[in-house]
Amino acid sequence: TDVKLGVLNDQSGVYADLSGEGSVVAARMAVEDFDAESKGINVEIISADHQNKPDIASNIARQWYDQDGVDVILDVPTSSTALAVADVTAEFDKIFINSGAATSDLTRGNCQPTTIHWTYDTASLANGTGKAVTDAGGDTWFFLTADYAFGHALERDTTAVVEANGGEVLGSVAHPFPGTDFSSFLLQAQASGAKVIGLANAGADTVNSIKQAAEFGIVQAGQKLAGLLLFINNVHSLGAETAQGLQMTTAFYWDMNDETREFSERFQAEIGAPPSMVQAGVYAGTLHYLKAVEAVGSNDSSAIVAKMKEMETDDPLFGKGYIRKDGRVIHDMYLMEVKSPDESTGEWDLLKQVSTISGEDAFLPMEEGGCEFALAD
Amino acid sequence: METRTETGTRDALLEVSGLEGWYGESHVLHGVDFHVKQGEVVTLLGRNGAGKTTTIKAIMGLLDKRRGSVKLGGRETISLQARHIARMGIAICPEERGIFSSLSVEENLHLPPKLAEDGLSTDRIFELFPNLKERRRSQGTKLSGGEQQMLAIARILRTGSKFLLLDEPTEGLAPVIVQQIGRTISALKEEGFTIVLVEQNFRFAASVADRHYVVEQGRVVDMIPNHALDANIEKLHAYLGV
Amino acid sequence: MSTTENTTKAALPAMTHTVGMPRHQKIIFVVLLAVLIALPFMVYPVFAMKVLCFALFACAFNLLLGFGGLLSFGHAAYFGMASYVCAHAAKVWGLTPELAILTGTATAAVLGLVIGSLAIRRQGIYFAMVTLAFAQMVYFFALQAEFTGGEDGIQSVPRNDLFGLLPMKDDLTFYFFVLAITYGGILFIYRITHSPFGQVLKSIRENEPRAVSLGYHVNRYKLMVFVLSATFAGLAGATKSQVFHLASLTDVHWTMSGEVVLMTLLGGMGTVLGPIVGAAIVVTMQNYLAYLGAWVTVIQGCIFVIGVLLFREGIIGVLSRILKKPL
Amino acid sequence: MFELLGVPPQVLMGQLLIGLINGSFYAVLSLGLAVIFGLLNIINFTHGAQYMMGAFVAWMLLNYLGIGYWPALVLSPLVVGAIGIVLERTMISRLYKLDHLYGLLLTFGLALIIQGLFRNYYGVSGLPYAIPPALQGGQNLGFMFLPNYRGWVIVASVIVCFGTWFMIEKTRLGAYLRAATENPELVGAFGINVPRMITLTYGFGVGLAAFAGVLAAPIYSVNPNMGADLIIVVFAVVVIGGMGSIMGAILTGFGLGIVEGLTRVFYPEGSAVVIFVIMAIVLMIKPEGLFGSST
Amino acid sequence: MLQASGLTKEFKGFVAVNNVDLTVERGTIHALIGPNGAGKTTCFNLLTKFLQPTRGTITYDGRDITSLSAADIARLGLVRSFQISAVFDDLTVLENVRIAMQRRRGDSYDFWRSEVLLAQYDDEARGYVESVGLGDFLNHRAAELSYGRKRALEIATTLALEPDMLLLDEPMAGMAQADVDRISALIKRISEGRTILMVEHNLSVVANLSDRITVLARGEVLAEGDYDTVSKSPEVIDAYIGAGHD
């Protein structure tokens, strides 16, 4: 069988480091590790930069399916492009394995039978960090929220988790997106007296918030920071000195076991940095897809999707898990803490595991999701 | 040419020959020839668009595209840039005066760098133009037209340049101020300045100049010494289309 | 009367005064139509539609800049808002494509009227900045407002049946609808620039105080061309949301305002064909450079730099100078 | 103790101070932009990229050569300014006689190239840069904790801004600059080397951007996109202050920082547009800008 | 015809025009002269509403026009020229004149109609162009005309509006003697049945053309009367003409 994989993501913009070229490499490594050729599966991988513009993403996806014979699109960070690609995929009845986007809408209101959402979503991030931090005594919260859909979703989801676990949200402040100076908002957070300052933002915004919190001595003064969406790359750019003690939730960390380390070593040799959870998700998604192709024996999309949802997922990076009917991949998530500079032994030795959050706890139950076709039968 | 045989050019301070000039694509000067001796006041007369201003600009190096020869004190300047020409001791008072609005009168006055030690002192200048002293703190372009003209002349006197190019210093000025400027030019001539004057108002020109060159369509077509002006007045009127 | 007069006359050959559309421009319009009809059979129809939308957008912008002499740095506001409203109308109100597009376009016209009436009071770089300021506010509104869906945008916008009759799902069919809109729009813009109104506009651009002294209320003309330009920008944006089944923040962001300036200048400001060619180049670049990955912005940047340094009248502007004909 | 709209005065004081700090960045950046626009008539769209380069050069000096913050504060603007001079000599200088649209387009393209190249080599996640040891820690002012580094930012920018202002408004060199802005040819005809002056001015303006970049490196994420959106805000500051007014750019920079700071307290969502709202209002009422002179 | 009383303009504390009373009689050529900076151009700008007076009223044909806009003033038939020549550079001579006619006829907002329509004005426009001696330049771009011809074109454009009154700001400035004579004759010719107010430094032109002269100095009226009266006034000689003038 011949299959064609399209990695569509941000290769030049703000998400280029955590997805970008690295996701293409991850997909290729999955093909090699699966040894597709010897199993009679001919795999071709193409990639493109959607520049974070939904019209470009939609156009490329269309052309890929319609003219270039692409069978599956992988990655697609940012919500607006992911949702657009999900639509196009459904229209052409192909497969979309998302790893980069955070919006839980992909498996809720805007779910499609052809969409599989691999790595994380806002709900799982909220569940991970929100629950663990509240349980550990951080029962009063103040949010610094990026003023757009993603930020508000993260705040909403986390608030629900905090309150469900007996915590209280004292307030929140919406900051412009993107922002550069957060000191003003941090002072407001400080004035609120909350024990935990939840950072419901992403990327450079989160990095800047943390950097400035350190500068203003907010952590020394006794408040705790909780990064709701942080990637290893962000922590690296902060440095252990600034970020130490920070708690965050991730679906993958390179230094968890021998298998992840072995993979990461190979990956780092090509890209110069260990894989982010998004890139790991592309690897795992590709691997699982190829297994389904092998099992089905053709590239018939509906059959493959059905097979993917039927088979358990099992790969070196995410371990065991499964795919729910709504397309949500259920796997363990991890609460991590940034090491102090003394503990850290290398440039990328940045995190230590605090606890494991089981997939069932981490992701929102399907019944609450509102995905119509999944609930229909 | 008439001028050459009459006076010779050996002792000329400025010698222009075969000067051609362009604005972009349009060819405006078609071989201008004339010369000026040390201590002379010479005028360029001609109709609108004859090329007087352009000639002045070309001498000063302000015309992007020019060809021919302009010798200043025996040295060829045709390929030099304006700032190098200026440093050879020549200064311009442009047609549109060029007073800087973001500078005060005093700053305007002090703007051109001193090129030689023997320029007029500030005191001397204020003596010559009392109006400027009175208004030296105000913004340059808030001066009246006549005062701006005085300022434009005054600021090049300070530099020590003894060779001045004055382009229509009387345009748009009240008669009373025209007379004052006439007196100033005569005074400068007494002090040994060399001046090339462009004028529409040839009655004014006659009152200060030694010789007159007539410019027509980018060429010098005639030279009339001031003492022969009366004898040639018909000819001049014909040139100027009066 | 005098020698000078004769030379001027001799030096400048009298140009023949033409009335109406010159022959070569008629040919251009016919060829353009032929190319556009053939286009979807040569490239991907959705991509071809995108080119059309941006071509119309750039032509609308060119109407303001090239013919009105007004540089707006906030044209994304009309393009983007029209696209949102059209998407909303089609998705939530279930309007047919032509009505949805009309609704979007009307929104842009009203927005243009409001912003324009404030902005035209200022000139030059200040005008540009006021339009930018208002566009930033529109962006802020789009980011905040409920109906725009924040950064998700409005997704899964349906393409209903045209006039409630003709199914438009097929991209090739829809292409010809979009072609009709765009080509009509471009022709209309051409007509505006060559109308009595266009003539007055030209005079205002040349010498505003003089136009005032002749008794023209110049601000009314400026406002009118501003609104017209905003309307056509809106038409383009609304159509685009039907093409892609989505409306998103990209279309209201200031970089979109920048892109339309680039398209127009790259193609040739003040020419008929320039904006169309410019739009085609930029859109193609974005789409096909997508495969070059990380180098997209660098290559884009290089093209702009080279364009400015070597072809500053734009591609069509250079051609037009070589052929000595307005294109 | 009285409260203003539910905000305690301590918080308000703290916010004012923070606004002032942000205003420092606006002031230094808009000053550079105003100097360049004033003299070259070019809207320097690369300004944001050059600000970013300032921060990156500081990082490179530290990581490749082991040169710390203090020397970087001088070296980085010099290096970036020198690069600016090369750009000016090779490209920008060809555009002076044209509409400023073209300058804008060229510098926009240059910004794309510079940012793209940095993204390719350094990624977008950002790089760490620590606060220099001498400035770590902070002062408890009673109403807020003021990090020493922020205090230094204010001091440094005030010195640089007013130094620049003095040089341009009060010295002979400044008079040349202002005159050359109006009529470069005539200034050249007075024997002054205008092209060199313009080149150096561009270098200086770019250097100011880089200086702001170095100041920003320890507190903002050092990444290739850090200056991308900034240019618009900074340009708005220049317009509000009055194009070509040096003092206008400085005072408006500080002032708008404070206004923005207050907006962050009373209407945080609006803090991204407040500058544009102010700009629109100012241009309606006083089109020449707050400090601009009508000519 | 045109009357201003108590006209005053202050620029940031500087009084450029101070309490000027001016009456221009119908059918006359009225000249406004005075030293540089006396406020002549400012006065002009006030009368045509290119500037808003600080104080004072302006009436035209008995009607108070102090609060009208510049464009409306022109619509009343009070049209001005500029100190620097003002033509539409990129338009041909014919088109320049047509612009004025379009305004008079009122189809200038029609953006949906073809410009072919404008051909209907050609004959009449040609008439105006020929009347100022530019018949040979009908299809030249205005930018290509020499300075004197631009001024002539400006006058043709103005005439096409069929104004009752013209205000001319230094029509002879920077003009060579040959052109001065030509334009003088033109002004004389068009003054038939019209009222003209002009600013001019060229005293011989003023002497030849004007019926009445107002002299401004330092923003105030210094003297008024016909040329002989004014030119003999010692204040005027002192402030403007100068002793050496013949």
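We call the chains A, B, C, D and E, going by the order they appear; numbering starts again at 1 in every chain.
Following the convention adopted for this analysis, contacts are C-beta pairs under 8 Å (C-beta built on N, C-alpha and C of every residue); 3 or more make two chains touch, one makes a residue touch a chain.
In UniProt terms, the chains line up like this: B, E = ABC transporter ATP-binding protein; C = Possible ABC transporter, permease protein; D = Branched-chain amino acid ABC transporter, permease protein.
Since the model is a prediction, treat every value here as computed from it, not as a measurement.
**Student:** Can you list every chain that touches chain A and also touches chain C?
**Tutor:** Touches both chain A and chain C: D.
**Student:** Counting contact pairs per chain pair, which pair wins?
**Tutor:** More C-beta pairs are in contact between C-E than between any other chains.
**Student:** Averaging only over C-alpha atoms, locate the centres of chain C and chain D and give their separation in whole Å.
**Tutor:** 33
**Student:** If you average the CA atoms of chain B and of chain D, how far apart do the two points sit, in angstrom?
**Tutor:** The answer is 44 Å.
**Student:** Once you find the CA centre of chain A and the CA centre of chain D, what distance in Å lies between them?
**Tutor:** 36
**Student:** Chain A to chain E: how many Å between their CA centres?
**Tutor:** 74
**Student:** Return the residues of chain B touching two or more other chains; collapse runs of consecutive numbers into ranges.
**Tutor:** Only 47-49, 241 qualify.
**Student:** Could you list which residues of chain C touch at least two other chains?
**Tutor:** 1-2, 4, 144, 294-297
**Student:** Which positions in chain D are in touch with at least two other chains?
**Tutor:** 116, 119, 269, 272
**Student:** Write out the stretch or stretches of chain A touching chain C in their complex.
**Tutor:** The contact residues of chain A facing chain C are 11-12, 16, 20-21, 46-56, 58-60, 62-63, 66-67, 78-80, 83-84, 87, 103, 105, 110, 147-150, 152, 177.
**Student:** Sort out for me which residues of chain B touch chain D in the complex.
**Tutor:** It is residues 60-62, 81-87, 91-92, 94, 98, 100-103, 107-108, 110-113, 115, 141, 159 of chain B that touch chain D.
**Student:** Inside the complex, what are the residues of chain E that reach chain B?
**Tutor:** 14, 34-38, 146-148, 170, 173-179, 181, 201, 203, 238-245
**Student:** Report the residues of chain C in contact with chain E in the complex, numbered from low to high.
**Tutor:** Against chain E, the touching part of chain C is residues 1-2, 4-5, 8-9, 12, 14-17, 19-20, 188, 191-192, 194-200, 202-203, 206-207, 209-218, 220-221, 224, 228.
**Student:** In the complex of these two chains, what residues of chain D are touching chain C?
**Tutor:** Per the stated touch rule, the residues are 43, 91, 94-95, 98, 100-102, 105-106, 108-117, 119-120, 232, 235-236, 239, 243, 269-270, 272-273, 276-277, 279-280, 283-284, 287.
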